[in-house]
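Chain nomenclature is as follows: A, B, C and D, assigned in order of appearance, with residue numbering initiated at 1 for each chain independently.
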Amino acid sequence: MDMRELIERLTSRHKLGAPIFQRPDLTFVDLTDNDRLRALLVELRDIEGFTHLVLLTAVDWIEEGKFQLTYMLNNRAANQTLGLRVYLERKDPVEFTSIHDIWPTAETYQRELREMFGINFPGSPRVMDEFILEGWTDMPPYRRDFDTLAYSQQTYRDRPGRATNDPRDHMKSKMYPEG
Amino acid sequence: MSRTKALSQMTTVQEVLETVAEFDREAHGFYVDLVPKVSKSIRYIVEELARAELDHIIRLRELAKSDDLRDHLMDAIRRPRVDRKFSDAIQAPELGEHPDDQAVLQYALSRQQVAIEEYSELAANTPPGPMHEVFSFLANEESKHKTDLEVLYYQVVHSGGV
Amino acid sequence: MFSFNPDRSQYPDVGPDGKLEVDLETGKYLKLWHGPNHPGITGNMSVEITVDGDEVVEGKTHVGYLHRGFEKLMERRTFIQVFPIVCRVCVPEPDFNEYCYAAAVEELAGIEVPEQAQWIRTLILEMGRFNSYMMAMGGIAGALGSGVIGQWMTYVRDLMLDRFEEMTGARIYHMFILPGGVRAGLPEGFAGRMEEVLRTAEKYLADVDKVLFTNAVFKKRTKGVGYIDPALFEPYGVTGPNARAGGVAKDLRKDAPYLVYDQLDFEVVTETASDIWARAMVRRRDIDVSISLIRQILAKMPTEGPVMTALPNVLHWKIPRGETYIKGESSRGEYGYYLVTDGSGYPRRVNVRGPSYTHAMALLEHLIPGTNISDIAALMVSLHTYPPEIER
Amino acid sequence: MGFRDVLSPFTAWKHVIDTPVTIKNPIGREAAERYRGFHQNDVDKCIGCGSCEDICQNAAIDMVAFAEPKPGDSGLRPNIDYGRCCWCALCVDVCMTGSLTMSNEYTWVDSDPDAFRFTPGVDAKPWDDIEKGYQRAGERMLTGLARPEMVEMAPEARADNFDEIVAGYSREQAVLEADRCVECGLCVATCPAHMDIPDYIAAIREGDYDLGTQILYETNPFSEVCGRVCTHKCETVCAAAHEGEPIAIRWLKRHIIDNVSEERRLEIVGTPQVASSGRKVAVIGAGPAGLTTAYDLARSGHKVVVYEAKDQPGGMTRYGIPEYRLPYDALDRDINVIKAQGVEIKTGVRIGNDIALDKLKAENDAVVLAIGLHLGRSTRVPGSDGAGVEAAIDLLARVTAGEAVPVPEKVAVIGGGNVAMDIARTMGRLQMQKYGKVGVTVTALEDFDHFLADKEEVKESFEEQIEILDGRGPQEVVRFKSGKQKGMVKGLKTWKVVSIFDRDGRFAPQYDEGDEVVHEAEMVIEAIGQMADVSLLGAELTEALEWNRGRIAVDAEGRTSEAWLWAGGDAVRGPDVIHAVADGHRIAASVNVALMAGKEAGA
C-alpha cells in the first residue's frame, strides 16, 4: 500500500493536513474537519483495511490551547500504521464524538481520556465511571497544568535532614566569597 | 701571608673549619653591605642570601663545639685542591656598584658551587667517622642551598615561563 | 460443564448507562470481588462479578491498584531520566518498555544503534518472553489447581534470571537497553551457561507437557471454555497469542520485523479453537520458538564492535518536535510506545500501549457474562494480562 | 481424552526425590560480576562535579561537603539516599572521572533507616574494596568525549603571512561543543575573573548571543582577546578533561563575540548609566588590566584617563601577541567598547619621561599602575652582550609597530614558553617572505614533558617548519673570532639537559656537558623571561613602596602601600591576560569605594 496515494485519495473527500511520512510503515496526518472523524474512520476500517485500532490517546498542547487526539490505526496486511490526529479546543467542557461503536475497545480509551484529560465522549459506555483514580477531586492529572511535583510535595513529606550543595556556589562561598 | 702557609699540602681540621667560617663570615658581611646598594625591589634576594650565610656561621660554630668534633680538631687532613678557588672566593666579588637581581643571583650561585666542591673533597679526604659525616653533611647543606637558589633564579629570570 | 452460549434473556436488563440493572434485594444475585489478591489474577486487579448461582452474569474490571502515573512522570524527566522508569510499567516482561522507548527516542533524535546491540536487544526480548511465558504457564496451571507447575516454572525462570543478572547486572528491572544501544556486550561464556538453562527448561517443559497438557482435568476445564470469537479480535484490539489461538497468525516479529527478526528462522505458532486450551497451547509452543530463537541469536550474533553509540550530552538533551510509534511483539501481543516530543529536553507525551489494556478491560467484560464462577480465574489468566500496563 | 490423560499427570511424582533447588540462606549469595549493588566512590578521583546528582531521576543524591574545595574539585561528594535509589546506575555512567562505581553487594540489614543514607567512599562500608560490581563498560557515552575540530589555515597557507590562523567555530560546531558541558561550574572558581562560564555556554546552546554577550561583559570586557589568547586555566580543571577533552571554553567565548556585531555589542553593553562623580583617575598602561580598570571606573561615573607609552592601546595583547593569533582589529573592537564608556586613552605618553608621576598624583584622585612586563630578560651567557642578540619582546613590539627588523636566514631562539613560540613563528613568517624558507631553531631548557608553551603552539610551530629542541641549556653565544665576520654571531652553544627538575619538582638542572651542540645562527633571540620597567617610579617612590619578592606589594584589593596608588596586571601578578582582567576589576572596585568614601567625606 502506498501511503502517499492513500492520503491523496482521502484528501479528495476529507480535509487533511500535510502528512508526515515518519517511516515507510508509519504515517501521521491531521484531520482538520473534526465532524468528519467517524466517516473517515469507518472508511479507513472498512475500505482501506485499517481494521486495528492500535491506540487512542491525547496530547495536551496547553501553550496552543489545544488537545490533540491521536487515533492510531493499523493495516496489518499492508504493514502500515496511520496516526490520525484531530485537535480540540482546550476549554472546558471538552467533548468529542465517541467511536465505541466503531471499535468497542475504544470504550476503555475514552474512559481513561475522560478521567485523565477531562475530555468527555458522551454516549461511550461507563465513560463517567472511575477508571484508575478513586475519589479524585483535583483537575484531570494528565493535563499539562497539573503539577505532579507540587502534588507530591503537598501530599508527602520530605525526608528530614537532606540538603545538597551546588558545586559552583559552594566553591564560591569557600574560595572567593567576596569576588 | 698566613694564606700562603695555609696552602701547604697538609692542614688540620681546625684550620679547615676556620677557613670555611671565614668564608661564610666574609660573605655575610658582603651581602649585608650590598643590601642598601641594590634597588628596594630586589633587596629581598640579598637579604635572604645574608640570612643564609648567617645560618651557616651559626651551624659551624655549633659543630666546632660538639664533642664528636672536639676530639678531632687537631687531626691532620689533606688540603682540598679547590681550596685555592675557595679562598679566592672569600674576597673580591666581581659585582658592580649597583648589581641587579640576576647578577646577584649568578654571583651567589657560583659561590655556592665552590662551597659544594670544597666540602665534597674534604669529605672524600677523611676516613669514615665523625669527621667524614660532618663534611658530608656540610656538602649536602650547601647543595640544598644551591638548589634553593636555582629555583629562585628560575622564578626571577624565567618569569613564570612566558 | 456449563453452556457457554447462555440464554441471556434471563439476565437483568441493561440500563440506560449500559450497565446491568441488578437488584440485590431480590436475593437472586450476589456480588463478589474477584481480586485484587487472588491467585487467578496476574498482578493487582480485581473483577467485580455478579453471580446468579454459580453462573456469572456480569463482571466489571477494576484497576488502579498500582497506578503510579508513569506516563505523567515521564513528562517531567529528561530523555535519559525516563530510561530507568519505563521498565517498571511491566514487571514480568520489562524489557519491551526499554526497547520501545529507546527505539522511539533513537528514531526522533536520529541515533544509529550498533549492529551488535540490535542482536543483544533481540536476545533480551526473547529471554524476557521466555520468562513471561514461564509465569503464564505457572499461572494457568495454578488457576486450575496445579501448583507444582508454577513451582517448576518459577525455578526455570529463576535460572533465566541468573542469565539476566550476569548480562545486565540486575534480575528484574534490567535497565540495560539504553537509548543508543545496550550497556555492555555478553559476558564471557554466556552462551554455554544459557544453553544449560535452555536444556533444563526443556526437561521441565517435557514434564509440563505430561502433567498439564496430557491431563484429563486440564483438558476438561479448558477445552471449549473461554471461547473468543475471532470476529471480536479486530473490534477489541486482540493481538498476540490470544489472537493466534483463534487461527490468526498475528505476530509482529513476522508482520513488521524489527531488530534482527528478519535474520532469524521461525514459524508463527497458531491454534484454532480460540479457547483457554488453545491459548495455553500457543504459549507453550511459543516457548519452543523462543528457545530456538535464543539459540539462533547466540550462534549468529556478532561479538565484536561497539554496543553503544555515544549520545549527545544527556544532561541537556533536546529532541526536535515530532512523534513516532514503536511496537513489538511481546509475550502478550502488541506492545508499543507512542512518543511525542516538542523540541524541549522532556517528552511532551509518552503513551504506553500494553496488550493487557485491550485484553483485560472491554474484552474481558464482554467475555465474562455466562461463564461459571469457577472458570473466571482460568479465563482471566488465559488472556495473560499484566495490570500495570493498563494503568501506567 | 483417554486413559493416558489420567495417568500422565502422575509422572510429576518423580520429582519427589529431587534435591531441592532453593538456596538455603540467600543472605551472602554472591551476585553476578556486573551486579548493580551498593555504590563505591574513589573519593580521591571524584571531583564533586555533581553530574551524578543531576542525572539521578529519583533525587537520591545530595552533594555534601567532604573536604575544602580546591581548583578542579568542589570538595563535595555524593551522598546517596537508598530509600530513593533505583539502582539504575546512570550516576555511574555519567560520572565524569569514573570514580563512582557499584559493588555487587546487595544484601544489608539494619534497623536504623538513616543508615541507608551515606556517602560512598567516605563512610566506610564492607563492600568498599569489592572489585566485582557494575562499572562503565568503556568510555563515557552520555556526555561527549571529543571536541569538534577547529578549522585552521593550513600550514602552507599561513607560513608567509600574519593572517589569523583559527577560523572560529561555526554555529554547528559551537552547539556540539557547548552541548558537552555538564554545567558543574568547577571552572568558575579557577577562572581568575570568575566568568560565568556554564551560563554563557548555555546561551550558545539556546542560540541567544545577545544574552551570551551580556554575560561575558559582566565579568570581562576583553572577550575578543580572551576568546583567542586566554591561557584558559578553566579548561585545565574542566570535568570533561578527566576522560576525553576539556570543553573548548575559550573558543566558545570567541564564538559568542563572533556572532554579535560591533554595533549590537555597544547596544547590549550600553554606556554609563550613573551620574558623573566628579572624581578623576589616571591609569598608567593601556593593557587589559589598565583598560578593565578604566572600563569599570568609567561605568561607575568617574573620569578616567589612560596613559600609554606606546602608540596604540592594548599593551602586551597588541605588542606581544602576534597578529596571526590575535588580529589587531579584534583587539580594537574590544577597546572601542571601552572607549565608548567615556574612557580617554592618551597614547604615546610615557609617564616618568613625558609627564611626571607626581603630577598625575597631584591632578588625580587615584592613580593605577598597570605597566606590564615589557623588559626582556637575558641569559647573560658569554657572548650574549652585543650585536646580533635580541630580546624577543622587543622584536615582537617592533614588528607590531611596523618597524623593519633584521631577518637573517638562520635564527636561534632561547626559551620554551609561548613568547619563544611567538617570536619563532614571527621570524619564520618573515623568513618565508624574504627567503621562501624557514630557518628557526628554538632551544628550550625544559623537555617536552614539562614544556611551558601551550601544546597547540608547539604543534603549530612544528607545522610551520620551526625546529624545536627540548632539554637544551644555553652556554654561550658563539661569535666569529676572526675574519671578515669577526665579532658577529656564529651560533648558539648548548648542553643537553639531562633532567630539569628534582624529585620534588624543583628546578635543578643537570647537564650532560659531553652533549654539546653549536646551533648555527646569525642571530640569537632570548625569550626566557620578562620584567617590569619600574624606572618610572623614581628612587624615592621605589624606596617608599613596599615590595614583595621583586614586585610592588599589593593587598587583595590591589592597593599599594601608598594610599593614592593601586597596582595590578602582569607587573604585579605575572603574565596572564585573564589575571590582568581580574585585577582590573578588583582594583576598580577598590578605587571606586575609596573615591566614593572620599566624595562623601569631602562633601
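Observations on the structure shown:
Just so we're on the same page, a contact is a pair of C-beta atoms (placed from the backbone, for glycine too) under 8 Å apart; a residue touches a chain by one contact, two chains touch by 3 or more.
The model shown is predicted, which means the values in this text are computed figures rather than measured ones.
With centres defined by CA atoms alone, the chain at the far end from chain A is B. Separating the centre of chain B from that of chain C, both taken as means of CA atoms, is a distance of 90 Å.
Annotation: 50 Å between the Cα-based centres of chain A and chain D.
Mean C-alpha positions place chain B and chain D at a centre distance of 42 Å.
In whole angstrom, the spacing between the mean C-alpha positions of chain A and chain C is 23.
Those residues of chain C in touch with two or more other chains do not exist in this structure. Annotation, chain-chain contacts: A-C, A-D, B-D, C-D (touch as defined at the top).
Those residues of chain C whose C-beta lies close enough to touch chain A in the complex are 17-19, 63-64, 67, 69, 71-73, 75-76, 107, 234-237, 239, 250, 255-256, 322-325, 327, 334, 336, 338, 340, 348-349, 351, 353, 357-358, 361-363, 366, 391. The residues of chain A lying in touch with chain C in their complex are 20, 22-23, 25-26, 28, 51-55, 57-61, 70, 72, 76, 79, 81, 83, 103-105, 107-108, 125-126, 128, 130-134, 141-142, 144, 146, 148-149.
Those residues of chain D whose C-beta lies close enough to touch chain C in the complex are 1, 4-6, 8-9, 11-12, 15, 21, 31-36, 51, 54-55, 57-58, 86-90, 93-94, 134, 137-138, 141-145, 179-183, 202, 205.
Chain D contributes residues 373, 377-380, 416-419, 445-446, 452, 502, 506-509, 528-531, 534, 542-543, 545, 547, 549-552, 574-575 to its touches with chain B in the complex. Residues 39-45, 101-103, 106, 147, 150-151, 153-154, 156-162 of chain B are the ones that touch chain D when the two sit in their complex.
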